[in-house]
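Next, two complexes with chain A in common: one pairs it with chain B, the other with chain C.
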Partner chain A sequence: MIQRPHIDWFALAPVNALLAAAAIALLAAVLVPRRARRTTAATVCALGYAVAFGFAIALYVRSAHGHGVVADAIRRDRFAELAQMIVAGAGVLATGISFRERMRDNHVAEYYALLAAAGSGMAFFVAANNLMTLFLGLEWLSISLYILCAIDRDLINGLEAGLKYLIIGGFGSAVLLFGSALVYGETGHLDFAGIASANRPHDALLLFGLAMIISGLGFKASAAPFHMWTPDVYEGAPTPVTAFMAAATKTVALLVLLRVLRTAFPQEAHLWTVAIAVIAVASLTIGNLAALVQRNVKRMLAYSSISHAGFMLIAVAANNALGGRALLYYLIPYAAMSLGSFAVVAARERELGVPVTFENLAGFGWERPLLGISMWTFMLGFAGFPLTGGFVGKFYVFAAAYRQGWTWLVIVGVIATLVSLYYYLGVVRAMFLRRTEDLQLAPIGGSPPRDALLQTAVVGCLVVTVGSFFAVQPLIDLAKHAANALPF
Partner chain B sequence: MTTLLIILPLAAAVVIWVLPLNRVSAGSLALLAALAEVGIWIQMLARFDFGRGGLQFSQHRSWFSDLHVSYHVGVYAFSVWLVGLTVVVMAACIAYAFWAGREKARAYFGLMLFLDAAIVGVFTAQDLLLFYAFFEAMMIPLYVLVGVWGGPGRIGATLKFVIYTMAGSLLMLASVIVYGLSKNTFDLTQIGTSGSTWIFLGFAAAFAIKAPLFPFHGWLPDAYRESSPEVSAVLSGVVSKAAVYGFLRIGVAKFPGPTHDLRPLILALAAAGLVYGSLLAFRAPDFRGVVAYSSLAQMGLITFGVFAVNDLGLTGSVLQMVNHGLISTTLFLLAGMVERRTTTGELGRLGGMARGRPVLATVLMTTGIIALAVPLSSAFAGEFLILAGVFQRGWGWAVVGAAAMVLAAMYMLRLISAVLHRDPGPAVTDAALDLRPAELGVTAPLIACLLALSAWPAAISGHSFPRNVAAVDVACGFQKLPPSNVHFYCR
Partner chain C sequence: MLGPSATWYLGVAAFLFSTGALGVLLRRNPLVVLLSLEIMLNGANLALIGYARHLGDGAGQIFAIAVMAVAASEVVVGLGLVVAMNRKRITLDVDRLNTLRG
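Let's turn to the complex of A and B:
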């Protein structure tokens, strides 16, 4: 008789809520009549995310002292709960953005089921406390996302994106798995605390394993040099999926990276901080330079997300409590800005029926002031202007790097910010400074589609982006308690 | 009260953006808000205790406590004048824009008010990060104001402007972080002085570009020429002052060592800008070019005063900041008025506008004469103080400054004669009327301020720094320092 571990169902509630939502949406795919399918599935998915969000808050409040649950495979602490809140929030908004996406009816319920499943995978992933659950969570969310990228078969690039993501993502997972095996082989432990307590510094195989784990997570966080899939996948996938990936996947990948490095490999900090700093610099360089020449807005945003991975990795490399706080804080406005900007792109896409480029954004800001001003705010936020959380986020990240004594990293970040202005303001230039008459191609006719849900989602993102500038204290307290769950 | 000065235009901007107002009501609301700002400022001036010195009307609230960043605003005696300059200039510019009828009125006036709030914020912020935030926030509306409502070359001009200024600002951000974290506070009233040249250079880069100082003025001609006249007026009238204010409030006050070490360099740059700007102004082919380059020259002169770091120089630079703000605003607005009538600013195609246009001639003449610093004008008082101050640092600087005053007379008189005198140019037709009452209404208050200051320049020069302590002690107005540091400045 195998001893069953005690299961803390409450700790698993966000994951299970989303799993349940996925299951119900899947049932809806067969049981609900076709005309009601889209609404039902979307509602179920949004409700699942909302419930998960609620559970995550409740858990956050009641998990002041982090501890392992379910035979220590899962960690119940504020770090995970805050991450789950971000994921769940992103999920609700992504559902809203998805609703009016032009998509055939026959797979629409599966779409929402997978969206919920991806979210539950992420919620599981961030709580992982050993290499096994880590890998399980990673695959869980990845497989859902592979399918989501390719689910719209009318989207030719979508298939390409799905395949590319599958192959490269699979490779990334394999690297992670191999790394985990090496680490396990060296230390004899799967759980993070055990790996740390094995205390085998300067062990070549262990370090090799660590490097492979970093690479594997780097793939998901789309940090250079593991970023090659990002532009193609972001461009090809249905825009709401891209929005969700940019916001949520990156969040969990970075947070899990921080957790693994801090809890499992504290002894090797002198090595991995340097490695992460190098990856951060590479991401900033490659992301920014490549973004400069993009004409397609989704591709540009993809490269910008690579460079933002660089910014946030600076916080990881800082390896101090301030860095953890900086990362957690930064992710909140960052997730909102990513979702919001892709949502605006999605709106323009639905209006024109073609991929959105800088050229065909001309005059958009004046035609649709709400979306235009929101996009403007998101771009300023990415560029780190005041009145957006991006400003405070960058400030914290740089502050953390400075505390670590890495002024050079601050300088690199500052230069990267400067370069990034060109393309972020390029969007503003296209939307407001160019006139609609400059637009060479005709819209597909009729008035722009009414899309209240998408606009609500964009306004939600706007509120978070701007609100996080004014309400720094409460958010930073939230982030501080979460970061304190890690052994800094 | 200080917060009100920041919040009021911001709130008005939001109202204008949100409510579906038509052009007239948006413009009137904006003008009303701008005038209310002036009213509040007059209240502030009346209640300001110049005898006491130090920070007044201050408000303090924690923003995020773990890094000791707070919302801390307040005014010093000299910043009162700069705030005053801002609200007056902004009111005039909004009034002019209202009269000239800008397209997309709601967006335009909202942005102008937003800019108003940001600039007032820069002059009142007493927290380093808050200062930076306001400094950056100025860029947001300016980018669009230049880029959307500007002339044909506006997109290139905006790009250049943004790249230049942001390069400086971001260096400043690095400095802000390093400085604030190393002192463990961002509060300007508590943060001590620093001896780090690198941090100083980060700040100096931002201010030198924004002012601009030679050789960081590459963005200036395009931005000043391509913007709409009132935006150029704001740029050269107040935004440039924000940079010099930064030199004064942070550069000189917080970095006595580096200021002392780098003084020759900065004075040399200022001198170069002064002479070079004057020469370019003399050669500029158009109205706005003359004003733009004269602005470069004047910023050099004001920087002279600040980096003289003595009683006379500092007082003179505050006075001259206000003078130049008013003068260049008036001149840019006049340039706009002339361009409206003749469709061109090219001096070669203008001329003879004095005949039959007495009001225009009088207004331009008065401003021009004050600008070239004839004795008894307020600009003369300001420049005299600056030159006297810089003379104490070395007579050579004063010689350069005095020579530049001669050059100022040359380019100003050239401008006046090219627009008003000579034979009527090809672009000047009889249909080009004299100033309309509304235009006079915009320029007259500015000129009235200038004349009032000419009559009593001590209103500013005598009320900028506390009198009981030697005014040299910028630092003493800002913070309590051991006497040894005070002597540092007097040295």
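Let's turn to the complex of A and C:
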């Protein structure tokens, strides 16, 4: 008899549900007749995400005491489960946003298969408990996203975005991998707990490895100075893919960064907190300044996502339980706002057939009041206004940093928020205070029919954005239990 | 037979990694850039394997094998994109890939 490691299939259920959805959608690409292909694949993908969401909730309830499973390669704890819930929720909404995207229908089933595969990679990535599963999870989600960016081969921008993302993403992964190799060599362990217990605080190569791991994850979280791919890829990729990337990839990259730093490198905390604070300030500065001059809405949102990476890294730099809670809480409304705002951009793009700029948003708020008011709410949420979860999130992040004595970091964050008002409110102004006639668009066959699925997804995002302000206590409790899974 | 010490392997690995990194940053042809990415990953692989032998631990070698599989799939996607761009008659020069800028 050969000894096998015990495999906790329940802990792997969200990953496997999405993987199964990807496989079925891929089969649908060959077996289902062309007419029904889009509907079948999208339904399978949405169902996969819904089932994964259900499994993640069940696991959250039953994993009060976090532990390693499958030979300690992955971790079953509330931190991972909450992250999987965010990813799965984002996936369901992204499927809804994608459904009416104008793409040629010969690759539509592959699109949904890859969307589900990317989600399952993310679910695996957040549960990673050693450097090998970390790298595999990262590549799993990244390779799926590279193809999703370039899925529409008629779009030259999409191809360009895919290739750029692949080259820069691959560079980031290689840096992460070399860092992992250094850490492994110096400590003799691949698992996070083992690295922490090796206790070699003044090892230059180990610190070099740590820096490389932070950079590698920084590429995925699109934090400055590892952000240069973000505007190009966000602009060039199909808008629903951008929405999913902005919401889900950022979530998992930041959460995994927090997990790695807390569980594997607690002894080096005095060094990495400073490094993370510097990266946070760089992201806030570069993101906000560059966003000020953008005319293309997708690029503006990309720079806004860089500056939000900065905000959330403040919570990581705080390095306390409150910071972990703040990050986990903030990611819930942030994911909803990103998805929602890109969905509105997608809706406008489908009406006009050209990239959405501040100029051609004119009058949009009056033409489509539901989408206009939703976009308004998302922008106020990004800027941190009350009545949206963005306010509570920013408040918690600043509170966590202040408690740790990072007063100057809080000041930088507040200044960045003030600067960001200009471009967030600029979107609102463009939508409501400019007249449609200024556009001088030739109406060709009237505006397209309302897209019920996209509107439902936007309303879902709106409910989460506003709901996370009013239901703050339950969500904070959820985040608190999740953050307690990390050794603070 | 005794080979060179682990430091030498790390030195060669770091050299390969830096060569690859320079290639990614400096070369213009996407094919060469993809090749350089592979060199970076192989540098990391060599470090992993060297350390694994040094530590007498199998985990690093298993990691290296997994990395090879991942690197292969990544390059497949990369080459696919390059071929698709070539069919579109886009010049193969990453510096000219500037439709997306601002």
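Keep this in mind: the second predicted complex is superposed on the first by the 479 of 488 C-alpha atoms of A that agree within 3 Å, B and C clash if a C-alpha of one lies under 4 Å from a C-alpha of the other, contacts with A are read in each partner's own complex, and residues count from 1 in each chain.
Criterion: contacts are C-beta pairs under 8 Å (C-beta built on N, C-alpha and C of every residue); 3 or more make two chains touch, one makes a residue touch a chain.
Predicted model only: the values in this text are computed from it and were never measured.
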{"item": "Which of chain B and chain C A:Asp451 touches, first, second, both or neither", "value": "neither"}
{"item": "Touched partner set for A:Glu101, first chain B, second chain C, both or neither", "value": "neither"}
{"item": "Partner chain in contact with A:Tyr184 - chain B first, chain C second, else both or neither", "value": "second"}
{"item": "Touching partner for A:Glu351 - first (chain B), second (chain C), both, neither", "value": "neither"}
{"item": "First (chain B), second (chain C), both or neither touched by A:Phe432", "value": "first"}
{"item": "Chain C-contacting residues of chain A that also contact chain B", "value": "none"}
{"item": "Touching residues on chain B, where the partner in the complex is chain A", "value": "17, 62-67, 104, 129, 132-134, 136-137, 139-140, 143-144, 147-148, 154-155, 158-159, 162-163, 166-167, 170-171, 173-174, 177-178, 181"}
{"item": "Chain A partner contacts - residues on chain C that touch it in the complex", "value": "6, 10, 13, 17, 20-21, 24, 30, 33-34, 37, 40-41, 43-44, 47-48, 50-51, 54-55, 57, 59-60, 62-63, 66-67, 70, 73-74, 77-78, 81-82, 84-85, 88, 90, 94, 97, 99-102"}
{"item": "In the complex, chain A residues that touch chain C", "value": "131-132, 135-136, 139, 143, 146-147, 150, 153, 156-157, 159-164, 166-167, 170-171, 173-175, 177-178, 180-182, 184-185, 188, 190, 231-232, 235-236, 294-296, 299"}
{"item": "Of all residues in chain A, those that touch chain B in their complex", "value": "322, 325, 366, 373, 380, 385-387, 391-392, 395-396, 398-399, 402-403, 407, 410-411, 414-415, 417-418, 421-422, 425, 428-429, 432-433, 472-473, 476, 480"}
